[in-house]
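What follows is chain A paired twice: with chain B in the first complex and chain C in the second.
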Partner chain A sequence: MNQSVADAVRAEPPAPGTSKSLTAQRWPSWLPHLRRSGLVACLFILPGFLQYLVFMFIPLMSTVALSFTNWTGFSFSDIHIGSLRNYSALGHDPVFVQALVHTLVFVVAGSAVETLLALGLALVLFGNLPLAKVFRTIFVMPAVLSPVVIGLIFLFVLDPTLGIINPLLRDLGLKSLAGVWLSDPHKALPILVLVQVWSTFGLYMLLFIARLGMIPEDQWDSAAVDGASRTQTFRWVIFPALRSMAAVVVLLTLIDCLKVFNTVFVMTQGGPNHATEVLSTWAYTNVFANNEVGYGDAVAVVLLGVALLFIFAWAFWMRREAARNR
Partner chain B sequence: MKVPNPLKPNRSRRRRSKLRRFLWYPPLLVVTATIVYPVLWMIYSSFKPQIAIFDSVFSLPTKFYGGNYSILFGTEGEMLRWIENSSLISFLSATGIVLCACTVAYGLATFDFRGKQLLFFVCLLGLMVPETTVVIPGFLLISQLHLVNTPWALILTYCGWSSFGILILRNFFESTPKEMREAAVVDGAGHWKVFTRIMLPLARPAVSTVAIFGFLWVWNDFVYPLIYLTQDSSYTVPLGVAQYYSRAGIDVGAQMAALTIAASVPLAVFLVFQRSFIRGLMSGAVKA
Partner chain C sequence: MSLTKNPLTRGLLAVASGAILVVMSVGPGTTADAGSLHSQPQAVQALPGSGSITFWDEWTNGAARTAMTWVANAWDKIHPNWPIAERPIPNDSFFAAIRTGIADNNPPDVLQTEGYESTESFAQAHELANLNSLWSQVKYRYNQPDGASMTGACRYQGTWYCVPWDWDTQSFLFWNESVMKQYHLSPPTTFEQKLADAKVLKAAGVIPFALSDADGWPGMHWYFEFVGQFCGSKTQDSAVMRTGAKWNDPCFVKSAALLSTLAKDGYFPPGLVAENYNVQVTLLESGKAAMAEDGIWLEEPPVANIGGERFPAIAGAPYNATSGWVGTSLSVPAKARHSVAAMALLKWMATNPAVGNEWATAGDPMNLKGANVHLPGLDATLVGDVQNYPQLPPADESLPFAVGNTALYALGQGLLDGKLTPQQFSDQLEAAAAKAGPGMG
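So, the complex of A and B:
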């Protein structure tokens, strides 16, 4: 990112092949200069960007627009701009409040557990422990599986009659722990968080390992030469390097957990009795099951708002950290 | 010169820490078991008849039983169709994502123009958007284009999800010296030639990362197929498997077989391209 900021600040270099021509000055300053390189730039950027615009950005903006209507999704003629009604209705919807709380719990718990697990395993598997590479590969493996497949596998694993978890607990002599899992409103949400952790922690572990691998050799050397203890090496060599990566990982896990939909949809569909309802499933239910497109979109916009809020908070915090370290 | 391992700073500690390292194996094996066993259980259960699964959940299949798979691929089953759909969609979408991301990233890295930062930011917005928030207007668009139930509905949509690729590739292109590109252009090569002959071959590792991630993401996606496809015959594998579950909830063996098939393609892709997957992930993240 810093690189690009520097690029923007740097004065525009004269385009190759054309002298910085006088024609450029005749253009109003807000019009893009239609020099040859400008045209080439358009040819490179426009097709891909239009694709993005039409199938991603415009739908996103339309969701925001639809959230201000009372549309039921049947015909365009009965769209009415309902001002902020959908948003004021959110406060009176106990399920929405629950979903918001569950989303926040999911994000905080999932992100914390995932980051710590990834960090711990990265520290163990970074060194020259025999078989470290094998463990790494295995831990990354779930990340390539479809969340639907993962959800269904765990649906079977946790099933009280067919599953393996209850017989396993019985065999381990922990029979008292066996019971229903996903239909217990107190256990369902933590289980979904753990499934999320299960499926993606390996990716983040790899990121930490990558960062550890970027520590310059001479830092390790000087730590060794100075006779630094393990804790000292950790404090002065490993910790500073991991801190910046931890910030990135926290952001990525936050977004990941906010987006969660597939596993919840497949495993509990928000149940039992909305105990695992998150914003994405509640938006889906309103739009597609209750035909409340406007209201469902308002829920989706809240989700988007929460995501942006987290990202801005993160960026703000990063900037402050950077300023403090300078 | 051999680099000393800083976690074992001196000789006197070496023996003790060697012993201590073995203490890491039990927790590592526990994590491994929780990851591997559910997947293995799914795979071997798919080779057991349903009664055997009910009788003893843990036991390995005593003899090879392919009945579950013949249900899926038989006259009633549409698994083959779903695999075809998924393959077509994933290949074309991954190609499209790579094409869109490469050109946009090259443009953003090479040219200077007003609003470049804003454009880049708009492109990155796609990274933080939950699919569920864009799928509804997306469906309206697709139905206006009369593409519901066709693979093109998904392919066109996925080609728009190029944010990740744009980020990775722009970082890569920016890390190459700008003078190199400019020199080639001054020599009369033209940007297209520079792009296809010099930059793309240089960017091969980054491009393959984007292609692999794109392929896996498209293959595994569930939300778009769920909304855009309503006919059994046009389903993708994850959607088919999920619908199969809700329809034939009792046939556990066939379920396991369906899940095994759905999981095997991403796993195979991962195992084959393991090195570029891991390398790409590491380099991409460290640069971002």
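So, the complex of A and C:
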């Protein structure tokens, strides 16, 4: 609706007996003026804005400000802003570099595997396969579990001495595959990525299935009438329909992987010997274990920067896609 | 319409009543005690005013929980106008909770910490009250008031900031009696005998030594057993304080090498660097592992079927130091609202023999005179005997947090899983310690 039409509708007197006239009778005469001035909208926005301000914006800005201090976290009177020492120290901290690399691995591998797995299973379970609904439920169940619970479950399952994976492998005659799992620096990070994927992909699978259900019936019919193969149907019917949903899923998985903390902390605490350290756990360790709040906050600010880079890249890609489609 | 029949009114009344009760229960008392820290009463009976003494600790379970409950009840009976409002906080969130309380200017009246680096950090930030006067009144009650483990825990730059409370001794070797009996092994008295037994057990498919090192400290406690025998307490203290000894000196490398050898030879469980301490205890108690190096807390409360002895001496090792330290200590925050009442409580706890006895009876060792702990799994004289050896304050507690809490544990995991050689472990530990500066000694 363009502006002139909107003005015309607003200026038009309500017909007798319509809901608009009822509304006009019930509400005070000054309310429409308020609505036009945007004050009502502001009032509705205010609670959310205050929440954002108090619980997101102010802590975020505090974190950025504290990253320029050497605060130990004990007394507010000891905060002295104005040093770049923490940022220059980052480059000399091999654990930070390790954590940055691990975070990037987590984001790229986790996001890719999660999206592809969700898409693949959505395509499989969208059809009328027997027990499809049962499998959908099974795959979604981990998404409702707390990450801490998931971490504890896998910690027990993967325990080389008391866990159940190694005995199971031995009983299946696959003794050579039994190992020390999380203690192996080469296996620990991939395992954590897989746990992250396992715990969240079901939800994204549901999103894909919902989008597949919205593809008009006549498109499926047209493809069938034209004798399209499965690949061609995917290329020309399914893929265009899922494109926008895939973009949303990629964004959500990026966010999931960037903010990963609980499962890593519960399962490995960033170990062994920092082999699974990610930026969030290294920031936590510095702030809460080492009393180096300023340095830990600098690590957190870098994590924020990495997140913004990914989000901007995603937004840029989306805008280019939108322009291409126009 | 009756007020009480209106659901809204009833709800509001209920909320208001609840709020009043909460305010009454947690609200401040009178400020009659807000005097100088040096004007505490000599007799605990003469506590003026009223209010609650807020008391934050990490005694959420075990012997200390039992004892603290007794203390709170006993104190409340004597001082009904100054009851203890205790807040037990789980160990893993304890430090974050107390630091938040202190930074927010909302500290408790009595603060339990683990001493050492915690004391130094809080004292450096001017967040703890000077307890020199209180210490001079209670120190006569302690077995080793001037020992390195005591001063290291509570004294910073000549000032006492806490009262040492319970006592931890590492340096024990525990064993599962059923497993030892099954393989006809007697409790080891020398390190060499221990290794011979370990070979027998390993050949039989039993894990010789339970060790789970995801938390980092269990592995490093093994390391410090060897440091205690190869380097001695003075050398370790010197390395902590950066006064000459270095962490890559030969005796430290030798200690790391012995630990590395034990790991490489398969005397520890597989995958130990990803398992937490509870797994270590489970392995020992279930009989999947035969022995474990651990602290006295393993027997608090005593565990059936588990025996213990002082960690065996290594043939030819020049020292016999054991790790013993103040497990928990009690401070009064500088901004405590009821500091005088808090100090009266601490004085009562330290000087009243019934308190120490109650603590020891519950199974938590004390360094207070006459407070003899009874742990059936360990010879009664053994606990006292271990305490008579030169005591090593725990280096992981004494080193700056970035080293003792983080670098040391991570490097220890690297040593145990074979990714670091003993020399690399020692060099990297020395580099981290040099960067962080001197610890608390």
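Everything below uses one rule, namely that the second predicted complex is superposed on the first by the 284 of 326 C-alpha atoms of A that agree within 3 Å, B and C clash if a C-alpha of one lies under 4 Å from a C-alpha of the other, contacts with A are read in each partner's own complex, and residues count from 1 in each chain.
In this text, a contact is a pair of C-beta atoms (placed from the backbone, for glycine too) under 8 Å apart; a residue touches a chain by one contact, two chains touch by 3 or more.
Since the structure is predicted, the reported quantities are computational estimates derived from the model, not experimental observations.
In the superposed pair of complexes, A:Glu292 makes contact with chain C only, with no contact to chain B. In the superposed model, A:Leu162 lies in contact with both chain B and chain C. More residues of chain A are in touch with B than with the other of chain B and chain C.
When the two structures are aligned on the shared chain, A:Gln196 is found in touch with neither chain B nor chain C.
When both complexes are overlaid on chain A, the residue A:Ser111 reaches neither chain B nor chain C.
In the superposition on chain A, A:Ala300 contacts chain B only, with no contact to chain C. In the superposition on chain A, no contact is made by A:Gln98 with either chain B or chain C. Common to the chain B and chain C contact sets on chain A are residues 162, 288.
The residues of chain C lying in touch with chain A in their complex are 95-96, 99, 102-103, 121-122, 124-127, 207, 214-216, 269-275, 279, 282-283, 288, 401-402, 405-406, 410-411, 413-414, 417, 419-420. Across the complex, chain A is touched by residues 3-7, 9-10, 21, 24, 28, 31-32, 34-36, 38-39, 41-42, 53-54, 57-58, 96, 99-101, 103-104, 106-108, 110-114, 116-117, 119-120, 122-123, 125-138, 140-141, 156-157, 159-163, 166, 170-171, 174-175, 182, 185-186, 191, 195, 216, 219-223, 227, 237-239, 241-242, 245, 252, 255-256, 259, 262-263, 266-267, 269-270, 274, 277-278, 281-283, 285-286, 288 of chain B.
Those residues of chain A that touch chain C in the complex are listed here as 72-76, 78, 95, 158-162, 179-185, 188, 267-269, 271-274, 285-286, 288-292.
On the chain A side of its complex with chain B, the touching residues are 1, 3-5, 7-8, 12-13, 16-17, 30, 32, 37-38, 40-41, 44-45, 47-49, 51-60, 62-63, 66, 121, 124-125, 127-129, 135-142, 144-149, 152-157, 162-164, 167, 198, 203, 206-207, 209-211, 213-214, 217, 220-221, 223-224, 227-230, 233, 237, 245, 248, 255, 258-259, 261-262, 265-266, 280, 283-284, 287-288, 293, 296-297, 300-301, 303-304, 307-308, 311.
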